[in-house]
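Right, I'll just put the structure down here and ask away after.
The letters A, B and C name the chains in turn, as written, and every chain counts its residues from 1.
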Amino acid sequence: MLVTGIKSKPVYTPLAPDLTGRYHLMLGHGVGREPLLRVLRDLRVAAPESGARTRVLFVGSPDEQAAGGEQFRAAGAAEVRLFGRPDELLTDFQDVLTHSFMGTRLYVAGPESFMGLAMRIARQFNLNKDEVRAEECGSAARRVYCIHCQTATENVTTNIVQCKDCNRWLLVRDHYSSRLAAYMGVMVDAEAPGERPDVKEVFP
Amino acid sequence: MSHADTIAVRVVAVEQVTPQIKHFKLAAVDGSRLPAFSGGSHIIVVMRDVDRVHRNPYSLLGIPGELETYEIAVRRMEQSRGGSQFMHDTVQVGSTLEIAHPVNLFGLSKIGRKHILIAGGVGITPILAQMEDLHQDSVPYEIHYSVRSPEHAAFLARLGNRAAERLNVYYDSSGDAIDFDGLLSTQPLGTHFYVCGPAGMIQLVLAKAREWGWPESHIHWEQFSAPPAGEAFDVHLAKASLDVHVVPDQSLLECIEAAGVEVPYLCRGGVCGFCRTDVLELDGELIHNDHYLSDEEKASGRVIMPCVSRARCRKLVLDL
Amino acid sequence: MSVAFKPDETFRDDFTFRNSPHAIRRFPLPFPEDKYMYSVNIEAHRPGPVGSVIEFAIDVDEHYVAECRERALVLQEDPLRFQAMPHMMSAQWDCLELIMESLSRDYPQHFTLERQGNRWVWTNRPLGIHQAFTFGDPATLPQQPLDYITRQVQGDWVVMDQREGDLWAEAGMVTTQADWSLNFDIGMSFKEWHGPVPLAHEMGVFDRALKYLLGLRLNEPVRRLNWTMTVNPRLDTSPETYHRWGTDRGSVTPQNVGDKVHLRVELQGLWRLPRSNGIVFSVRGYLISMRELATIPKWAKRVHRVLRDLHPALMDYKGLTRYRDTVVGYLAPFDDGAPTTPGTAPE
């Protein structure tokens, strides 16, 4: 069974402004602030008139919010909304998408599990690959979907993990479902009960 | 398309719907139900003229669920290869034709949240069938139909009955024009648009869409892919020891088959690779139109896909 | 033709599944040569020899009734084995039509379809089903159309939507799979869905297959064979139930290998769907035990050589690592080293 090197694992690339877009909507989490600032600054150089059509939704600690709010505005964002919790941001994001127009480009920067949840919402609005860009930064912790009991365990940083619902030890595979915003977890000792590799941190 | 794949049909109704457009209804000669299809599909109509065979694509404009007849509309083209003139001048009620199974290269996005259908002139034909598909769903749509003048507006009653207030008609004669900026600037996310009409109109819409930031995956336009015609050329088949003349409006594969040589194939559309043939000698250049060979293979001049590709040459020898 | 069904066979617990001599001789061996590697081995799905598994578009064999019962058992435990996204409804009706038309045309003594416009009446004699319904109106069937009809046919069915130059697996009935999960994979693009397959991506297999399938035509279905191996004649080797069957792989011994280990061949069919412009992918599994296989001398030699020389990555992917050597040991005495004739015919 392939564990790594599976092609469904998302590939992320450093963010850059997409000048074919008309409206620029940016989502950031924690250290995801830096890539978004870079996009805003590059955008201001390449297409100064587009500054008026930029909007940032950012989630972070109180300090990150304070610093981010100022920096985003200074970099040219027309509108900045700050949040203390990811779920608050995602609820607002849904509302923003409801009122957005075709021509919008979405930029997401942050930990993969945050981006996965944001992309899942974007997908419901039929935002396709050519409308969304993402850069992974921060924790590589994964959401892991237990294939046996159909529940997701959050913030998994290890090669194997115990399912929070059915308690089976799951091997975390690179097979990724954007519909579930999660990696596949499959029982690690199904063939030889009790035979488990050591727990190692692999997604810091 | 080989003849085994075609369906024999009889023309059961002909109506002149505008000064330039005739509307045909076709039924299977054996009385059976025609294959189901999706909105945006076209068929290839095979017309046996006195001295040659025409194979033209026409969009199916009828209701996809009603399969007693297929409906097509043919605009008389002044500089055509002759197919539209044949349809206008020779084909009448009772005439028999052959058609291939429908193919859809202009399908609706099933996950789209809104659809904007834009037609110019006879470009309304695939839009009519798309409208019927959309009518089955609850997804919002609009039709924008631009024509020269009221007498050129084909199928207005049918459009009005189905689309009602979702239909917008623009007459050049009254100075109306589709306001593309207004149409494309404030559409909700998940909107798709579809355009079929004169090349100039398509170019204009595409340019406007890009200006307003529309991504390619939400933009659709009609684009037929059939073996392109070209200059005549001669080919020698080495194993069969046969010389074959390839005429301008038939593919290399069709001419090889007409000479009695079998070439394996599946798709006849430049994709499957089954008819890939080695080139033994070439004095001239190959014109590759397939999607199968790599760029290196195409540049090598050593291999060709005879279903869609041709040659401009003094000599061509194939390993057949 | 009339099929003599074996309605009491089981694919779990006591595993009473067996092949008759007729079923063995028509088994679709997937190895035309003594070695195996991936290829885009797609061919037109045209009617094949009388009595073969490709005589008709959809094969119904002696295991039909038992396999339909097994499917019902799996669904009872895990309803997520059938799923369809809302935009796949027209494709669901396309599939229902394809299956009903094929079965009633090719097996008229077992199945009948009467069509009067949209008023359809379906009769399935082996399963004792008689159903009048309105084509296009899901409320007139006891389940969604794809769910309804795939409970009455062997093999798994995956329906793909075509858009953005890709194929998206967005509906399906999957209860007899070789270790992949519809519930996890639904909604994926073609290459995402095939992500866990080793080597083939690097070989460009999926690029070519996708390109080819995007151009698949109505009325010109295609097919290919694929294979793996399964311990016990278990149809439901899903990731969902891996915790139940995983230990099977360690249970193979030289004493039981002949009856326990099965070659599992998938006859995969692909049809363009007319109303939805989607594509349906059918994966019909055939099982044969090593003991049954060895009754055909050429096949015993052929399979011995294929398994002995199999690429390690494929061995791992197909889950053979724990028992491949035992199988090779079982088949070795049947292999005299003499050349085999080309092709898969039993000789």
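Just so it is clear, a residue touches a chain if its C-beta (ideal position, glycine included) is under 8 Å from a C-beta of that chain, and two chains touch if they have at least 3 such contacts.
No experiment lies behind these values; they were computed from the predicted model shown.
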- [ ] Identify the chain whose mean C-alpha position lies nearest to the mean of all protein C-alpha atoms shown.
- [x] C
Task: Reference subunit B; chain at largest CA-centroid distance - done: A
- [ ] Identify the chain pair with more contacting C-beta pairs: A-B or A-C.
- [x] A-C
Open item on the list: Between subunit A and subunit C, what distance separates the C-alpha centroids? Give it in angstrom.
Closed with: 37
Task: Whole-Å gap separating subunit A and subunit B, where each centre is the average of the chain's CA atoms - done: 42
Open item on the list: Residues touching two or more other chains, restricted to subunit A: which are they?
Closed with: 128-129
Task: For subunit C, residues contacting two or more additional chains - done: 164
Task: For subunit B, residues contacting two or more additional chains - done: 109, 111, 217
Open item on the list: Under the stated contact criterion, what part of subunit A meets subunit B in this complex?
Closed with: 20-23, 97-98, 100-105, 125-131
Task: Touching residues (chain side subunit B, partner subunit C) in the complex - done: 5, 35-38, 40-41, 64-65, 101-104, 107, 109-111, 136, 217, 266-267, 269, 271-273, 291-292
Task: Parts of subunit A lying in touch with subunit C, wherever the complex brings them together - done: 1-2, 5-9, 128-129, 145, 147-148, 150, 168, 173-180, 184, 186-187, 190-193
TODO: Name, in rising order, each residue of subunit C that touches subunit B in their complex.
DONE: 42-44, 87-88, 90, 94, 97, 136, 161-164, 208, 211-212, 214-220, 222, 274-277
Task: Residues on subunit B engaged by subunit A in the complex (per definition of touch) - done: 109, 111-113, 184-191, 210, 212-218
